[in-house]
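I have placed the structure first, in the form of structure tokens, so that the comments after it can refer back to it.
Per-chain numbering from 1; labels A, B and C assigned in written order.
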Amino acid sequence: MIEDRLLFADTLVEPDEEWNGVAAEGAADPNTLYLELDGWEGPLDLLLDLARRQKVDLREISILSLVEQYLDYIEQVEALKLELAADYLVMAAWLTFLKSAMLLPKEEQDDPSPEELALKLQLRLQRLGAMRDAAARVMGGNRIGRDVFLRGSPEGLEIERKTNWRCDQFALIEAYGRVKARTAPAIHMVRERPVMTLESALERVSNMLGVTLQWMEIREFLPAHAEPRLRKSALASSFVAALELARLGKVELQQDDTFGSLQLRRRTAHG
Amino acid sequence: MDDLERAVEAALFAAEEPMSARALADFLGGPAIEQVNHTLDLLAENYRNRGIHLVERARRWHFETAPDLAHLLRREKEQVRRLSRAATEVLAIIAYHEPVSRAEIESIRGVQTSGGTLDVLMEAGWVKIAGRREVPGRPTIYATTPEFLDHFGLASRRDLPGIAELRATGLLDPVDDAYDELMRDDADEETHRGTQDVDKETDDA
Amino acid sequence: MDDLERAVEAALFAAEEPMSARALADFLGGPAIEQVNHTLDLLAENYRNRGIHLVERARRWHFETAPDLAHLLRREKEQVRRLSRAATEVLAIIAYHEPVSRAEIESIRGVQTSGGTLDVLMEAGWVKIAGRREVPGRPTIYATTPEFLDHFGLASRRDLPGIAELRATGLLDPVDDAYDELMRDDADEETHRGTQDVDKETDDA
């Protein structure tokens, strides 16, 4: 709507002044010139204040007289060569238009009618006025830190989070088993197997050689019906025994060629 | 004085923040919320004439000093933030109209609202962003917080001074709606020569 | 309740520090100190059976919550949690080898043990510091507590199954598996290659 744009679109960015009282109180004498431009944020503010100074219900105010006051006010301020924000002048221009429209015969008016514009302006002022009052009343309530005070040094409520740990015997023992299993030094277990020890081989070879002076092949010293693995062990032990007996001078060894058959014979004592 | 009453009294006394009946019941680990509510009422009654009051704000309870003792307790340096007139008005508009967009605030005030004003209110913890209005542009909408009610001594938004009357008289409705309403009433009056007022639906935001 | 009583009550409530009768009289700007003292006695009596007490300490007064409600105001929220695998292992090692140092635990576990694990076990009340080992560095040594035996349903540490039993119950199975594996490899080697084996002494560790 045109009038809305005119009135309210190009408004001032408000000054952020300190303000604690109720909405601007009207001075007792309506003729006193207000120069507290800082106190107003925009045309609507000023209009509302002027309306309040009429000391009438906002629903009863005459927009026409309000407009006249506003224009007078702007004129006076201008006369005092005060810097005036453009918005106040835009508003003044719009109100001048509204005033003339209201004074002119109705049939010559465009839509929207000046009555509608005036009524809407009035409604708007009512709403702003209501919020101004409400703000003052809210601020007048019992504010914490001004009217009522909280406990100076509350102890505070503490919630200690405590953990109740759970575990059971099985888990414990299992854990130990796990550790042991994981870290036990590697034990290499070798199955017991049939062996002929060096001692028994020595004894066996000595005994067998004791009963003959003939050369004997080393295999003849092995147990006749031994299983292969025992045979293998017996062969190794008997070989070592043969060497040992030779070292001791009890046995002669003879082998014709490499990997040839190894012959043993009791050595007869001669020196 | 029973055990629950003593416990609720002590818990609220020691608490650093206001507590709801629910939070109290949880904290005290057991009592039914109805019992806690009943106990709170008893306690509040008990403290009514004392130097300390037990009050409910936005469904949360706290102890505070009696307002009539303000003159005794007020220290030379006031502890409250002094609000600018602009901030005060914006806060009131948000409280009475919430949730409300910045454009709506501006249309009521007839003046642009600097972003700083809303920031001040949000920093104070009294105003929060309450989402976006699902209209073109999806403007951010603002609402007050429980801390706002707390700080200004209001039990709930229903306790905002004069809010019921403002609503009943349509002063919280947009200008255009109010204007249309007026026009319709006028028309009705003319047609029927009666004075049947149409009650306006007020919505509980 | 008279005005002075209300004022003293509110002042002490809002005060950040305990206040002497003298300070209160000054603060409230007027009353004789005898009056203030009398009022403090009245108030203290008034609060005697409540959740809040008015107490005098070192000639200064303040409100505090009733001592018998301390358990309510410092609530312990219990949370049941299962001991982690790592912590269970450490606990088992301590139980089997106590007293044992952290280095020893680590060498048995073959893994570094975080300090947090021992803390958890001590928090649970199952492990305690049992002194220091008199070796260079004097390391702390750990042992289990009676609560440990209690929780795990053990009459004494002797009730912990020995290694032989562990093996019998299959809890050392991984070792047996390794053994079987070893034997099978051995047998294969022999069958296929027929190499000359050197006899190895077997020892039953």
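The working rule: a contact is a pair of C-beta atoms (placed from the backbone, for glycine too) under 8 Å apart; a residue touches a chain by one contact, two chains touch by 3 or more.
Keep in mind that what you see is a predicted model, and the values were worked out from it rather than measured.
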item: Innermost chain, where centres are averages of C-alpha coordinates; value: A
item: Chain whose average C-alpha position is farthest from subunit C's own; value: B
item: Approximate Å spacing (C-alpha centroids) for the pair subunit B, subunit C; value: 47
item: Computed distance of Cα centres, subunit B from subunit A, in Å; value: 33
item: Subunit A-subunit C separation of Cα centroids, rounded to whole Å; value: 28
item: In subunit C, residues with contacts to at least two other chains; value: 10, 13-14, 63, 65, 73, 75
item: Subunit A, residues touching no fewer than two other chains; value: 149-151, 155, 157, 159
item: Subunit B residues touching subunit C - in the complex, by the definition given at the top; value: 1, 5-11, 13-14, 27-29, 49-52, 63, 65-66, 69, 72-73
item: Residues on subunit B engaged by subunit A in the complex (per definition of touch); value: 11, 13-16, 27, 53, 62-67, 70, 73-74, 78-80, 82-89, 91-93, 95-96, 106-114, 116-117, 150-154, 160-163, 166, 171-172, 175-176, 178-179, 182
item: List of subunit A residues in touch with subunit B within their complex; value: 7-8, 11-20, 41-45, 116, 119-120, 123-124, 126-128, 130-139, 141-151, 154-157, 159
item: Of subunit A, residues touching subunit C in the complex; value: 149-153, 155, 157-169, 171-193, 195, 232-233, 236
